[in-house]
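Quick one: the structure is below, questions incoming.
Note that the chains take the letters A, B, C and D in the order they are written out, and that residue 1 is the start of every chain.
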Amino acid sequence: MLSVPRLRARRSLASIAVLTSGGDAPGMNAAIRAVVRYAIAHGIEVHGVLRGYSGLIEDSMEPLGAASVANIIQHGGTILKTARSREFLRRAARRAAARNLRARGIEALVVIGGEGSFAGALRLHAETGIAVAGVPATIDNDIAGTEETIGFDTAVNTAVEAIDRIRDTASAHERIFLVEVMGRTSGFIAAHVGIAGGAETILVPERAQSLARVCAAIERGARRGKTSSIIVVAEAGRPGRSAQLARDLARRGYPARVCILGHTQRGGVPSARDRLLGSVLGASAVEALRAGRTSVMAGVQRGRVALVPLARAIGRRRAFPPGPLELAATLAI
Amino acid sequence: MLSVPRLRARRSLASIAVLTSGGDAPGMNAAIRAVVRYAIAHGIEVHGVLRGYSGLIEDSMEPLGAASVANIIQHGGTILKTARSREFLRRAARRAAARNLRARGIEALVVIGGEGSFAGALRLHAETGIAVAGVPATIDNDIAGTEETIGFDTAVNTAVEAIDRIRDTASAHERIFLVEVMGRTSGFIAAHVGIAGGAETILVPERAQSLARVCAAIERGARRGKTSSIIVVAEAGRPGRSAQLARDLARRGYPARVCILGHTQRGGVPSARDRLLGSVLGASAVEALRAGRTSVMAGVQRGRVALVPLARAIGRRRAFPPGPLELAATLAI
Amino acid sequence: MLSVPRLRARRSLASIAVLTSGGDAPGMNAAIRAVVRYAIAHGIEVHGVLRGYSGLIEDSMEPLGAASVANIIQHGGTILKTARSREFLRRAARRAAARNLRARGIEALVVIGGEGSFAGALRLHAETGIAVAGVPATIDNDIAGTEETIGFDTAVNTAVEAIDRIRDTASAHERIFLVEVMGRTSGFIAAHVGIAGGAETILVPERAQSLARVCAAIERGARRGKTSSIIVVAEAGRPGRSAQLARDLARRGYPARVCILGHTQRGGVPSARDRLLGSVLGASAVEALRAGRTSVMAGVQRGRVALVPLARAIGRRRAFPPGPLELAATLAI
Amino acid sequence: MLSVPRLRARRSLASIAVLTSGGDAPGMNAAIRAVVRYAIAHGIEVHGVLRGYSGLIEDSMEPLGAASVANIIQHGGTILKTARSREFLRRAARRAAARNLRARGIEALVVIGGEGSFAGALRLHAETGIAVAGVPATIDNDIAGTEETIGFDTAVNTAVEAIDRIRDTASAHERIFLVEVMGRTSGFIAAHVGIAGGAETILVPERAQSLARVCAAIERGARRGKTSSIIVVAEAGRPGRSAQLARDLARRGYPARVCILGHTQRGGVPSARDRLLGSVLGASAVEALRAGRTSVMAGVQRGRVALVPLARAIGRRRAFPPGPLELAATLAI
């Protein structure tokens, strides 16, 4: 069971801010709630920044009390709104942000988001000295340095539910279905969804798989008596790519229906695990700041909460292990 | 509460068959179970036909006992499989079907499906004298002569759940979303989903709505302080049409994301209402046959089960009432 | 599809209030939203009263704008809170309530609740002349004069989901389960849940059923090869009564597990149907007041919205039809 | 991401059996499917044993092909049925079981279950030499030697969903609710459910908490403006104990409603994580047997699949960490 690491408080921190940035992910609200209440319980004031770094630049922030985060743990999205800020890539904008924080007496910032958001946080710290801590939140689970990210479990469950529904129709009509899932350039969502959904084939960007092999897999299934087939396709950086794949399959004599799950995967009531993860990692980020740490992410390593240098989370891909796809292929016989 | 009409049994019916045809719909299994058990409880044997009319032509059918439909009421799809049979449009195929039925001593057929399936049943009866009864099952709820069809309630709930998820993201990112729902050429799914989902705008095929009016509605919402917007778009016979609409909106300065719910709407655990509807209408169809009726559909009229001539369900559209869209517009202020 | 009746506006109504009273029911928020926005769209101001009649007596009310009911249609419970007010049974309290309303210029009141709440509304009108309109909302669906009440569909779905879960265990362990559902003194929830859940037996307060008959039904099922059994038990005004029944069954040699679903049935995300029903009936109540009607409930009769005198909803039980239980018994063979 | 460990195959295993034993848990079917298909893919035949050890004694087993486990990954319960066998505690019964296995040429047995089931497996091996491998499956997550058990994640999610529903009512009526969850003598379910559900207080058997302290917590919440409260109560080996607690609280002036979630927590569609866990651990157990290992459990340690001696899983309690309850208390301010 995940626990907040116990560190020795090194500095008397009086005031922090928290923001959500990048794509929204279910469980972000649990993380916000944890940051706010864990901080307040330790005598620290908290400001909530609206719309990610944009709000930091525009000084859109307000104090958050313990009651302001009541009854939000069960909701998807983020009460602080989120955005991708191009403006923050400019140094002047980061300086303005630091000025706004200092003017309110805020010494440190918790950033709930993904790789791009952490890169911004690192720069902010390097240039202005504002302490920063990251909480990894993205449905894609593609952040290096952590085994889990907030939102992944919910997104996988949502997609698996969709596959359960689609299988009813696939089976009733004896059809092939291509189900395209999110994941940006990584295949973690696809692999988990494929195994848990009992898919016949899984296509991820980390492993090239020729059209011929996909057809061969369908053929093998048909010979074993399968009259329907679910192929999980990672969007692989090209949302909608399964439509082309369907055309290619049709040309080879395998007509297939396409279902692109799209944004339904991003929202929704967060799963228990994402709420727990958000709660523990949010609190851990505050604990890190209290201990005088900066530029770390509260992540998960070998099943435990770990404080990982933000630098490790940036500029590299989380490695995709070989095992899952082999297992999926074995279990789909 | 829907009840099976009590009719006087006019003929001693010994053996019937049941099939599902056309698109699958959640609740079909409840209807199959009801047909089988209601018949057996009244001393009638039941054969299940596989893959719709195709199975009738190919003589793919087998006796179904009470235990064979145990534990299926909660599953989507159809244990009898379904298909759209072009073959059955040929008179020779219908004669073969009748021969197959008679060879097994089967005197009547229950057809669970939609308008096209009922047209086939009518012809079968006219040409061969096999008694037929219909059970309306389609997620589209577009069958004339009945206020409800099996599968509609589940499909609407599935789409509304998807909108709940999408709204989280729409709201977090302050975006416009186009959510395309099924319904073939009718707007019933869209209207129900739009009202229950709290959509800002609903586009149905029964009401032309210019791009200018859609933009005006978005604009009005923005002026009232809305920072996000959900537009429900019926597929209107052209699945995927919302992609074009998104391009049109973008050109006018309203960038919008698209989410096409697709086949996830067809499957899944049937709602309580669809299970009840399937149970009552399936039993009612058998009751009609016992009373010597033929060529009727067990439908719903003014909130009661009614036996409607199949001819009334064919060749006309179910009228789309004006009220719902006005209400939706009023409630979206 | 349910529609708001179109009436001729007879009075120029400037200001109304709305409250929720009695047990909460999923879809109440949809009704509140509809009352508020439908009124505002027709130039009427709306006050929201907190905690039912208690808030009326204590003058706890505030103006509600269109934005104040944004994003609530998908939530269970009621943003106005609810309570059962004994105080309001006293005439003095009702006079105070009327004074509070008049002091704010409020001419009419929409009451979202059940029989008890409507009785209070009728007295308020009779004694003070304040126009009142009711919106039937209770998970029990036991209000005379309307075929449906807001919250029923969600409660039934929640209980059916629970039965789906319990059946997994019942079937894996080959056990008998008693599942107790809500419904106060009526059996509507039990009957719907039993049929949709495929229960072997349904016990409702409207039909006495001896222990011997229950045992006989279990025995019959066992002889037909059933190794597990689900018995749906209406609470029948005595919540927890299934524990006694289990003891009685055990004494006769039929050990059974008990599962009392309890308050999980009251809350949760409202179903699409309850949101639609809440939206249409809430708007219809305002429409009735605009037309100069008072002391009516916006209910459903023969599948259409009907304005029913509140007096008809009070002091009598909604009749329980004989058909459903017979159908359930037939389908459980 | 969990992976099957790659071991060197040491023995040519020709035939194994698999059974589920003890309480059922969602994800057991995923584990059965994985055992069957992973074995077949490696040239090993598989027999499925019905009703746990009872079926072993009574020689109730049958060969399972790859197709026999199609379409089961998404279902709760267990297709092999389960039971607690007292008979198997007798040595003679275990000898009969071994004879039955050997008569069919079966050399090894996979046991999917909990501590009691593993104790039986160990004895079977010690006395008869039949190789055994365990797959930890119990919703309680109380097995020593593994961080996760199949079924836990689903049970926690089911209970959290229930709390989400109850909170609607608690909040609408401003009440205190006691929600009793399963977990036998351990508090893991309660702790996870409490944190993810945002409960105000969590009562687990591992930490004594006086009635006075519970009252003090309610009081503190009330002073901070909380008008409703959710207290999660572990059954702590005494199912139904929350009823007594409610009486005690009422006597001290804190009336509370009770909701005992009961068996709804055991069943239901397994979560994605439980399906993945079942798939990986089921395959890993077969892999262990192929490598000539016996008397091990395929569990999870430090976030990785580990083969743990079954002896370590027996006769001791999984330690309950101090962190979660403190975090829960902090986040409930």
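By our rule, a residue touches a chain if its C-beta (ideal position, glycine included) is under 8 Å from a C-beta of that chain, and two chains touch if they have at least 3 such contacts.
What you are looking at is a predicted structure, and each value in this text was computed from that prediction instead of being measured.
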Distance between the CA centroids of chain A and chain C (whole Å) is 39
Taking the mean of the CA coordinates per chain, how far is chain C from chain D in Å? 37
Distance from the mean Cα position of chain D to that of chain A, given in whole angstrom: 28
Which positions in chain D touch two or more other chains at once? 161, 164, 167, 171, 269
Viewed as a graph of touching chains, is the assembly arranged as a line, ring, star, complete set, or other? ring
Pairwise, the chains that touch are A-B, A-D, B-C, C-D
Residue ranges of chain B touching chain A (in the complex, touch as defined): 20, 24, 26, 51, 75-78, 81-83, 158, 161-162, 164-169, 171-174, 177, 257-268
Taking the complex as given, what residues does chain C use to touch chain B? 1, 3-4, 30, 33-34, 37-38, 40-41, 66-67, 70-71, 73-74, 147, 153, 156-157, 160-161, 164, 167, 171, 188, 191-193, 195-198, 224-226, 269, 271-273, 275-276, 279-280, 283, 300-304, 321, 323-324, 327, 330-333
